[in-house]
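Each of the next two complexes has subunit A plus one other chain: subunit B in the first, subunit C in the second.
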Partner chain A sequence: MKSLTKSFNSLLLAATVVMPVMALAETAEEKGLAISKEAKVRDLGWADMQADMRMVLRNKQGQESLREIRMKSLEVADDGDKSLTVFDKPRDVKGTAFLSFSHPVGADDQWLYLPALKRVKRIASRNKSGPFMGSEFAYEDLTSFEIEKYSYKYLRDEACEGGTCFVVEQYPVDKHSGYTRRVVWIDQNEYRIWKVDFFDRKNSPLKTLTFEGYNQYLSKYWRADLQKMVNHQNGKSTDLVWSDYRFQTGLSDSDFNKNTLKRAR
Partner chain B sequence: MMLAALPLSQVQAEGIYFEMAGKVSGELRYFTEEAQFAGQDQETNISFAAEPEFFWEWNEGSDSLTFTPFLRVDQHDDERTHGDIRELSWIHVGEDWELRAGLRKVFWGVTEFQHLVDVINQTDAVEDFDGEDKLGQQMVNLSLVRDWGILDLFLLPGFRERTFAGDDGRLRFGLPVLTDRATYESAAGENHLDTAIRWSHSVDVYDMGVYWFHGTGRDPVLQLQNVNGQPSLVPHYQQVDQIGFDLQATIDSWLWKLELLWQDNNTESYSAVQGGFEYTLYGISDTAWDLGLLMEYGWDERREDAPVSAQNDLFFGARLALNDAESTEVLAGISHDLDFDSQGLIVEASRRYGDNWKASIDGRFFYADDPADPAYSFRKDDHLQLTVERFF
Partner chain C sequence: MDFMLTIRHKTGLAMKNRLFRAVTDYPVWVVTLTLLLVFAAAAGAPNLVFKSDYRVFFSEENPQLTAFEAMQRVYNKSDNVSFVIAPEDGNVFTPEHLAAVQKLTTEAWQIPYSTRVDSITNFQHTWAEEDDMIVEDLVLEPETLTDEDMPRIRQVATSEPLLVGKLVSPEGHVNVVNVTVQLPGVNPVTEVPEVTAKVREIKAQFEAANPDSKVYLSGVVMMNNSFAESSLTDNATLVPLMFGVVLLGMIIMLRTFSGTFATVLIIIFSIVSTMGIVGWAGFFLTGPSASAPTMILTLAVADCVHILTTMFYEMRQGVEKRKAIIDSLKINFQPILLTSVTTAIGFLSMNFSDSPPFRDLGNMVAIGVMLAFVFSVTVFPALLMILPVKIKPRPEGKRDLMHKLSDFVIANRRKLLPGMSVVMLTLVAFLPQNKLNDDFVKYFDTSVPFRQATDFMQDNLSGMTNVEISIDSGESSGINSPQFLKVMGDFSSWLRAQPETDHLNTLSDTIKRLNKNMHADDESYYKLPEDRELSAQYLLLYEMSLPYGLDLNDQLNVDKSSTRMIVTLRNMTSKEMVAVENRIYQWFEANAPQLTVHVASPNLMFAHIGQRNIQSMLIGTTVALILISVLLGIALRSVRYGFISLLPNLAPAAMGFGLWYMIDGYVGLALSIVAGMTLGIVVDDTVHFLSKYLYARNKRGASSEEAVSYAFASVGRALWITTLVLVAGFMVLAQSSFKVNADMGLLTAITILIALVVDFLFLPPLLMKLDNHVSAKKGDRNEVVN
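Moving on, here comes the complex of A and B:
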């Protein structure tokens, strides 16, 4: 179908060379992809980032438990980001650290440092859909957004927290994803994500993620202070509270290897 | 050092960052059978341990100091009541190198049921019989990070003797081990300067390492001697040259693991292997549960004469992680000795309570009927163990 659209478009293009490209009929798939590409392009060039993260896990009864995590990431040209994550709380995992080299296509490279044994363990990155530290966030919800990880479809325009939003459906390419699709609300001014609806493997509504407290850093990069994930199926929720965002602090490749993993704390 | 006296667990002063963490734990062991040897007349044993960690960092993170003392008090075994400095080490970080000096712990290897190539630290064998507890080792370690991998150079001045359970302790050999009478092949004794060099690298799905160790072997030869008319075991530490290799291939849900060892000493040369896989089933039957299945095989060229337990042994394991907020985990492992036809079974279950507590229940069971089998000494030491840990 795509190739048919493509050849139709080239035919059209050949016939009317003077016509501006934007005026061409754009399919919902193309528009969805274009919006996601624009969102990605607008967030390029941050070089490196550090931030602190607090996770508040709530069960159905409202009982809370706390996770405290520090994160460093490095933007890698033509590849996925590198990141180093250190756990401070709960106390029994304090000092545990996680090194990840993500790739747009194929498996990510991941290592875990276990401080009690002083052991670095390469782990399988196949586990996309599993819960991150017992929270309602899956591993795949926390990895960097790469265009190649999804296919797209624009649904509609709709009013949202950030003004008017594009509503775009994203279909994970990875067969190990826990989702059939995500529906994402992206505002038309700044291309920030305001809401994501997740649908499980049976295509039933699973979770909703909302973003609050956007701040702009280096006059370019928007980051939310609060991400709230609510699971509709089990009644649990997780708040992700971000603080102390720092950009372009001078991190380089040499801050992301097994040696830095072992002394990350 | 004054900072340590402050009641806060984290202090920032004049560019020095200080942090204190650690844990205290209580352990109750219940032995299901009457003891095999004289002196071991106990069915239950209580023990407490503390391991605080003090950490200082300065020069914007380029320098750091870690101090981790350890103390255990045991109800019955005077040898298990012991202290150690697990870590007292300074790290200086350069652009592509690190210098680490002091008492430290280093782990090498990839397998789960036996840590064949892990050689730097001496085993604190009174802690547990699984060999995972280690004594701090004096060292100067220069680590170089290059495009072709990480190169670690070690100078290891001074040697730590292996700890052994005393007469009153369970989980020991039939004869007492007289650690006070330990002998050395080297005239320098415990002051021999050991050296090691290790290269490690990650390429695609492969993580690998090769090292050469030259110095006092960590595994003692237990020599039968008559001391004061009593037959006893006396540890003798040989000089060894050892080459170790470890490889893991991480492919989809599979971890393929291999450890190889060659050792040359004055009495023998031998090789040994530990290898196998770990396969994980993620999200079993639409839950968040992960089930890992493990299988390994351990082989030592010396076979029945090997002073190790895994000389021709098969291992099977299962690890169930519920991935819940309490990090509930259950681990079971079976070892089968193909030479002596003996078995061991280990079951471990643990979960977190609240933000700072963790409880584990372990069961360990031994089946051995060949007196030549090292596991024969443990055959009456089946036990259940409850451990409660408080982290701070």
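Moving on, here comes the complex of A and C:
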């Protein structure tokens, strides 16, 4: 018994000596993946979520324009999340509802209910890289984060808003993505994203997204109240202001199908 | 008063004499000092870089530029590169060609600062299958395409209003890949060449992989690049050519090697220090101002020729070299100072121009001319002292060409005066017939690849002439209102029906197509919806399915309160262009006065600049004329002859423009500055002729005829030689591939030549007529008194 404890102790000792060496042996790609996995794991289990979003668009002239939407999301294990978006503003799109089953790889399933036409239309498009409602956010910037969507590379540690951050580079797998890479700042305590730099198809700086006002919900899930996207090439910017986050409200698959889309308002 | 003037005059004279002695006593020091100064100035030349951007032609306060820039801030910028691709077999719609075009389209995203790439392959084709709406690249996976797919793709491409006439020809034999580039404007010197280098690399790759297709490069970026390249190749060929002309001309006419060598050095010093000084001063080069070296070269020769002619004349009379040099300086100092100042004033009048590159050109040449003067009276005599100059004494030919000309003029004065008057009036009568035109494509001659590409694109698809129209509804999301949509639709139809229209890019087409798609592709729904929500929701749907870079942000503002259309027009003159602009405004006034409409584009900027520049240059030329006339009055010490000189000074430019109507008939930005510019140069002839004439009349008591004869004999030859050099110089400039400079050179050469003809054939008979008339009157009065 004693020898067992002893050998266990020596094993522990060996482990503490070897571990950092192993950590050193880990490649930048592996470390990047590990960080991203940890971030994903920490955000698992929220089941469903609802929130209101206000979008403020600004052009180079400083003119502003407002959009308001409500979002419902359903966590789906081993696939992309399902989401239902209802548009409130501008007034002429009020009641328009957008249902999306996102997939880590390949085209998403998407339906749109147009109240003026009183019909649900399925949209077949591989494109996720276009601007969402004319904003500086691409649709792909707003979909749920899935490990399979990118390959990774850890770059460095760096001080950031959330303390010390991992700086990780992400390379989109989807060839229809508008980006060659994203550089993401994730804090080491809570694995929250603080900043993302987007690089366009010719690898030039395109946009920067920053996160502000993180709150923790259900003592686990961190959500930011404000996301600011600035486009460096055209001088336009978009703010996303989130409010009324609600988790585990009891939504289920049946709230996310084509037939419920019409009643989504 | 007189006493003071005399003293001042005498001290001035003493100083001048001290200067002349110094430069001839210490020639090595003068040359060394000059070299040091020239090198110090030249060190600034590397700062002088070429700004390749058509916007440099417009001042900050230019209203058309302001309007265009405001529009670009609301929508996206529209600087572009067009790959115009022509397959040899005349068919774009083959699987191989489409695959190649798709590859090029993808590659084009790698062009620096590119923000958007449009071609027939990545066109977002939308169609319906029952309640599905499919949004897809028109050519998605070209490797899977077969010949059977071609008719479908051709049908879609050649019936889609967004594509046909712009990205593909109606016959399907030429297509365009259009790349929108958003230059940050941080470093205007390197950005355009950076883009161009990548564009050419892609073109070369494409041509290597597809030897059966020809690729032409057009678009605003290629034009900007051509401004720089065209000017630089010009300077590489024209400046040496001009040096050759000067060398040859001087050796033949003056028969001196040392004199020619010294003159060439003066020219080099003048050009190098001018470019260096403006480099230090923070100028940048542009198409027009890049012609400054050629102009300085041409104008600097005259000073040296005058000094050499007198010096050689003295030496032939047996005067030793040093004294001959000092004598020549004494005789020529005042005339060449005066002519340099008047020339500089003429060029400085270009500061009134609305277009900054011409202000720069004027200032550069003015600096160069004054430097050439300074060098001519300092380092030039010093060099002549150092260099061996041998002149065989020989008697001057008495009965030379000038004497014959002078005899002819005096003998035929009664026919020449009315005859020349008729010629002059006739030419001037054609002046108003010239049409205003600034077509920036035609700024380049057909040897420039950009011009060839654009002409090819114009002949096969549509031109580069476009006008952007922004229509503002005044309310958020207002573009979706049925009233606004109706106006947009009606206006689009009207504009398409205009004879000038080649292509129209309008959102109303997209909305019509979406309406059709939303009704299971039923053709009867290819119309604008009459429901605001419907239109708004279509656009929302459509925007969500578009890929990166192919969004609607170049057609809609963030608020969706206004939309921008782009109409491509056939090639036309500035006047027609302005007429189209006015017609557009009139249409809105008559049909939709409640909407705010802005019309702007680079073409419109150029269409207006000729007019604006002519107005501003009229003021500039008048100011120059007044200043120069006052100077002449002082120099000739006579108000009467100051006024008489106005005629031969003003007539050549007016006649030149009259003649221009017969040569070309279109005047633009560049030619509007010629009047002011040539004024300072043509004045020189008049000054020399009149001063000699007056000298003979006043100092020698000669009759009008004798005075004319004296003037011909003493300055006829020098005027003839300098005019020849100037005409040759500006004719060299006329060979420029940059039409702005070429036209400027040609018209200036014509005007200078006309000025000499007027000074030889019109001014003497006029002087004889007026002066004989006066003396006859005096005679009458005397008789009465007696």
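Methods note: the second predicted complex is superposed on the first by the 240 of 265 C-alpha atoms of A that agree within 3 Å, B and C clash if a C-alpha of one lies under 4 Å from a C-alpha of the other, contacts with A are read in each partner's own complex, and residues count from 1 in each chain.
The rule is simple: a contact is a pair of C-beta atoms (placed from the backbone, for glycine too) under 8 Å apart; a residue touches a chain by one contact, two chains touch by 3 or more.
Quick caveat: nothing in here was measured; it's all calculated off a predicted structure.
Residue by residue along subunit A, subunit B and subunit C are tallied for touches, and C comes out ahead. Of the two partner chains placed by the overlay, only subunit B lies in contact with A:257; subunit C stays clear of it. Contacts of A:204 after superposition on the shared chain: subunit C is touched, whereas subunit B is not.
When the two structures are aligned on the shared chain, A:118 is found in touch with subunit B, with no touch to subunit C. Applying the stated contact rule after C-alpha superposition, one finds that A:220 touches neither subunit B nor subunit C. Contacts of A:109 after superposition: subunit B is touched, whereas subunit C is not reached. Contacts of A:126 after superposition on the shared chain: both subunit B and subunit C are touched. In the superposition on chain A, A:37 makes contact with neither subunit B nor subunit C. Common to the subunit B and subunit C contact sets on subunit A are residues 57, 59, 65, 90-93, 117, 119-127, 129-131, 133-134, 176, 178.
Residue ranges of subunit B in contact with subunit A, taken from their complex: 21, 23, 55, 64, 91, 93, 95-96, 98, 105-107, 110, 132, 143, 145, 150, 200, 202, 205, 207, 248, 250, 252-255, 280, 282-283, 288, 290, 323-327, 352, 354-356, 358, 389, 391-392.
Per the touch definition, subunit C reaches subunit A in the complex via residues 70, 73-74, 76-77, 109-115, 124, 131-136, 182, 184, 476-477, 480, 518, 531-538, 540-541, 543-553, 556-560. Residue ranges on subunit A touching subunit B, taken from their complex, read 57, 59, 65-66, 89-95, 107, 109, 117-127, 129-131, 133-135, 176, 178, 254, 257-259, 263, 265. Contacts from subunit A toward subunit C in the complex involve residues 57-61, 63-65, 87, 90-93, 96, 98, 110, 112, 114-117, 119-127, 129-134, 138-139, 176-178, 200-202, 204, 233-236.
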